[in-house]
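You will see subunit A twice below: alongside subunit B first, and alongside subunit C after that.
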Partner chain A sequence: MLTRRHLLAAGAATLAAPAIGRAQDTPGVTATEIRIGNTMPYSGPASAYGVIGRSHEAFFKMVNEQGGIAGRKITFITYDDGYSPPKTVEQTRRLVEQDKVAFTFNQLGTAANSAILRYMNQRKVPHIFLSTGADKWGNYQDTPWTIGWQPSYRTEAQIYMKHLLAERPNAKIGLLFQNDDFGKDYVAGVRDILGPRYEQMVRAVSHEATDPTIDSQVVSLQQGGCDVMLTATTPKFAAQAIRRVFDVGWRPAFHYLTNVSISVGTVMEPAGPEKGVGIITSAYLKDPTDPAWDNDPGMKEWRAFMAKYIPNGDMKDGSYPFAFGIAQTLMHVLDKCRGDFSRETIMRQVADIRDFIPATLIPGIKVATSPTNFHPIRQMQLQRWTGSTWQRFGSVIEGANV
Partner chain B sequence: MSASKGLPADIAIPESTARVGTPAWQRAVWVVLGIAVAAAPIFVLESFHLFQLTMAVIMALAVLGLNIVTGYNGQISLGHGAFFAVGAYCTAIFMSHYDWSFWATLPISAAVCAALGFAIGFPALRLAGHYLALTTFSLAVAVPQILKHKSIEDWTGGVQGLFLVKPDAPAGLPLSADQWMYVVTVIVAGACFLLVSNLIRSRIGRALMATRDHPTAAEAMGMDIGSLKTRAFAVSAMITGIAGSLSAVAIEFVAPDSFSFGVSISLFVGMVVGGVASVLGSLFGGLFVLFVPNIAEAISKAAPGVIYGVILIAFLFLLPDGFAGLLRRVAARLRR
Partner chain C sequence: MDGLAHQIVAGIATGGIYASVALAIVMIYQATHHVNFAQGEMATLSTFIAWSMVQAGMPYWVAFFATIAVSFAIGVVVERILIRPVANAPVLTMVGVFIGLLLIIGNATGWIFGYTTKVFPSPFASEKPLFGGLVSAHELGSTAVTLTVLTLVWAFFRFTKLGLAMRAAAYNPRSARLVGIRVGWMLALGWGLAAAIGAVAGMMVAPVVFLDPTMMLGILLYAFAGALMGGIDNPAGAVLGGFTVGVLENLAGAYVVGTELKLTVALAIIIGVLLVRPSGLFGRVVFSRV
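Here is the complex of A and B:
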């Protein structure tokens, strides 16, 4: 008798199963689970960024403990790519084809994401909120399944130029940029704002990542009569530029510096902290070491998360607030999906964020997207080097609509 | 031939006697079996695993290249990642800028890498042992930076790298791009393995090993050590370069970051684990290099490097002469 009852139950289950399967035929999404994929450099030259992936793991653990999303638990699968593009391709294919994730989230590295860009878009797998500041992730026409998160380098340059034009409309700008994707994004941003006046106002010189020094470039900008400088280069050269500008006795009215190269330990101190006084850069995240945020509700929320889920994490490491903000943005998007986690819906919601405010973003900065805006964060606040720390000033500035 | 007298008995002789002793029909059976084993994954594996296997075969081919110069000829090279990169870039440049087919780029990248290897072979004549290892290592460190240089940026795409597209299966063959890529890889790699194993069992192969084991004696027997060494370097670089070409199309993207010096070290690890001076060992080496880091990561996410290190040490401890040595011991026991 028992067997017959079992048979009946099994029959009922098989009848019910296809119905459930049909309702949710997106890979990686079942009635109880949603799978999210990710690659990170846990080993290799960029392994310092691995904490971002660990933060996400802890974050989704928290989400699951609080009941998950639309009745489903999040399974976050993250693999090491060692910062090597071929490995990223392999691990991403593993995520998509073997682990059958619904989408990938916050994969790190410009080259790594470039390597899988076409794969993800051909397969129409959402490839969202990447950890890289290149401008090309905002190309919604050609790569509609890919989107970045942080302000792009181009947006950053636009913000500097907006500030400059307000303060000193007739400046002669010396633009020092590294001759690669990263540096050229700044040139594009400056052009966006200056338009036809670019040729007349800007003197641009480039250097190679392989050059030993940039002394001659600095001197040529000074002799070209520039009274404002914009330095768009990686930390080693930024330190050289700051020191060289000071040592040749050049005192530009404004010296803007890419926020890639503002580390106190690797740029400002090697350059000589007193030589960089007055340099302007930008920020969009709350700095965990800034005492101004001690009583900030958003940072309190982040600290509570850290204390409970990553008790031994370095509270000074800016990668944690970054990861927290980006993971909150993802949860906001998944919330908006209202239980329909098909890939199309996820992408539709990704492109329809209306002024979301993650806890770790500087007040006034909002995450916003639309079907024709794939640059989620387009605002930043300026900050100035005082000789010992970066001090924020002025209001939040928004990049240009291009 | 008398040139093989200076060899350690366990390296070359059992292999050659085994082959000599096999009748033709048995050899044919082995070939058919080999083709069957190589073809089976096309029907068995889904595309991701097939892609992984393709990459493993490519790494095996690169390890084979290294094995010629380091295993058979005794010149330690820690810079084969450079030839791998040059091969990959040759194919990428011709495919993405000039729309050549993959097959047409193959001879070019083979020729360029062979020439480069030949050139590197010359300083190698004067440098031995550790010094040669360091010199080749510096090549591996330099190449990714050279690829970014302004003067060749128009071709190499600088830090952005180059995109290319996998060749499609010829019309009429019901294969997906991944399956066809695997077929292409197996055909190219199979041809290279066959040619190398013939080369190694020939007069030149024995001369290479004699040069490695006792250069003075080899020279006394009339071997031109200089030309042997430079040519070994050329052939070795050529094969690793061909592997690089295959990897460029399999990944469909090349960038300087793809060819850090870690590639050279992986190839070296693959060679030692697979078996120094073994053609078949190179195949195991390629599988090891591709799959063991994934296994290590599956065991521990926190410290995959430590697990990888432990696995590596365990392998060296249990199989001091690599997979190939294990096979030889098993074969020897069976024959008894």
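Here is the complex of A and C:
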């Protein structure tokens, strides 16, 4: 017999059901497990970055040993894409469709992530905290399921220009950029700060990644009367540029260099360490080789993690502190989900980080997002090449609001 | 005006790089009548071999000549094992083999030596920059090396019996065989020589552009343009073509089409030469009676 009480009970059950149902329907999330996908270049030209994936594996092992997250263990599935975008597509589809991961985390490479950007957003799978500095991951309007982490190249260029305008407001800037997404982000960042003065203050020349040398471009900039240089190119060309600028006897008042190309071993040493003295770049992570961090609590935490979980890891490799900071950010977000790991909730929490401070970021730099800010890190500190190391100077500078 | 002069000097310096690689391309064409697409990758591998020797503590010039010897051997082995079985196959098969070779050698180099940029030493060091820093002592020295190699190649083909036999084997294998030339071995020798010249080019290029597995990728295109411009069967023309392409590319990039279209200049040269004067500026026009 149908009573009012039965009806009420049934109604309540149907109301409650979707909530329970949704949690169980979210792929990759069960009562005991949350599954996270990732692709990394473990082989191929960028295989040096593979340590980031290895670091994450170790990090989630640590998390699981400490009880997991909201009663669930993390299963981290990471595949090799060889730094080849078609393989990234293949492996990402495998992660989403076969392995049924809840979301993907920290996939590496601008081209690789560009190749899956549409797929992830059409399928509405969170595609979060990517290992690439392209600015386009901050486009929350068109690709709301995708977000980067590190300061974008555009933010970086804004920071250099802020420093320059404070030091030398009437500079003539020579901008050497690689003619692709990466290089063009710097042009955009310089424009953000200079605005209408761009045309008169900047002389920009591009080069293709296939060009054998950039000598002709350096000659053009020097002859164009530039007294400041901004080099936004990949390591091999950066080394060529540093050497050539010095050899032609050009001494720009300031020479800014993208922090993509500041490796001592592959840029500064090949260029000739004495030729780059005074070059300015930026940092947001604590450099593991900098003695200033010897007694830093954050770096001590990181070293303890390394000693226990990656005892054979290279303690000088900056990729490990990077991975540690980004993994901590993810745990912060998952923590805030309070056990509701639906894809919508995850993205809501990703877009609601309020001044989180990972252990490996330079003091003063914070991770912050909002529904209209998908650029988690927007501050950096400048550093200068002394001939043997990079030395930080000045205070933390924030990019522009555009 | 100062800027123009500087662009020209810088173009000549870069052109020297193209010239040395163009010479290697012409060399293999003379000896085998094929254009080897893997030429650049083979040269890069040779350069890595030289780099390993120098890293192991060998003096530069010992490593230099040892690398030439090793590269010669690699060239001969590649011909014997990979090219010989398809010697009579259609051209497309050859192209397939060359591209396969390019991928295999390129990736193997990366796998063995890694993809990070390495510094390759130069034997021509100088304290002072020359010509206002636009030309390094190394670029002058490497141009001298290119010209020396050119002279040797020319003398070899012009004055030695072996050179004559090699030319004969390439131009007319059947007649060559009838007069007692071992055509198969001549082709292998041609591959060896081309690999050796490629090694020299690689070792001269690496100090300028830095050593990594993709070092030759961009250079090879410009070198092709240079080789075609000068005439694919004329070593001296190829060298001159290389220098010309270097200067043209800089001038066009700086004053005419902009830096984005620099590579297009090389492609335009290739197509232009093939359309207007297929044998190149200094090449011989070959008539064949049918």
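Following the convention adopted for this analysis, the second predicted complex is superposed on the first by the 379 of 402 C-alpha atoms of A that agree within 3 Å, B and C clash if a C-alpha of one lies under 4 Å from a C-alpha of the other, contacts with A are read in each partner's own complex, and residues count from 1 in each chain.
To be clear about the criterion, a residue touches a chain if its C-beta (ideal position, glycine included) is under 8 Å from a C-beta of that chain, and two chains touch if they have at least 3 such contacts.
Owing to the predicted nature of the structure, the values given are computational and were not obtained by experimental measurement.
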Superposed partners subunit B and subunit C on subunit A - clash or fit: clash
First, second, both or neither for A:343, with subunit B first and subunit C second: neither
Touched partner set for A:179, first subunit B, second subunit C, both or neither: both
Which superposed partner A:72 touches (first subunit B, second subunit C, both, neither): neither
Subunit B versus subunit C as contact partner of A:42, first or second or both or neither: first
Touching partner for A:85 - first (subunit B), second (subunit C), both, neither: first
Partner chain(s) touched by A:219 [first = subunit B, second = subunit C, both, neither]: second
Contacts of A:210 with subunit B and subunit C, given as first, second, both or neither: both
Partner chain in contact with A:240 - subunit B first, subunit C second, else both or neither: second
Region of subunit C that runs into subunit B when the structures are aligned on their shared chain, from 43-51, 79-87 or 205-213: 79-87
Common interface residues of subunit A - those touching subunit B in one complex and subunit C in the other: 44-45, 179, 208, 210
Subunit B-facing residues of subunit A, complex: 42-45, 78-80, 82-86, 89-90, 93-94, 96-98, 109, 111-112, 114-115, 118-119, 179-182, 208-210
Sites on subunit C touched by subunit A in the complex: 2-3, 6-7, 10-11, 13-14, 17, 110, 115-119, 129, 132-134, 136, 205, 208-210, 212-214, 217-219, 221-222, 249-250, 253-254, 259-260, 262-263
Subunit C-touching residues of subunit A, taken from the complex the two chains share: 44-48, 179, 205-208, 210-213, 215-217, 219-220, 223, 235-236, 239-240, 244, 246-249, 265-267, 269-270
List of subunit B residues in touch with subunit A within their complex: 46-49, 51-52, 55, 145, 148-150, 153, 158-161, 163, 247, 251-253, 255, 257-258, 260, 262, 297, 301, 304-305
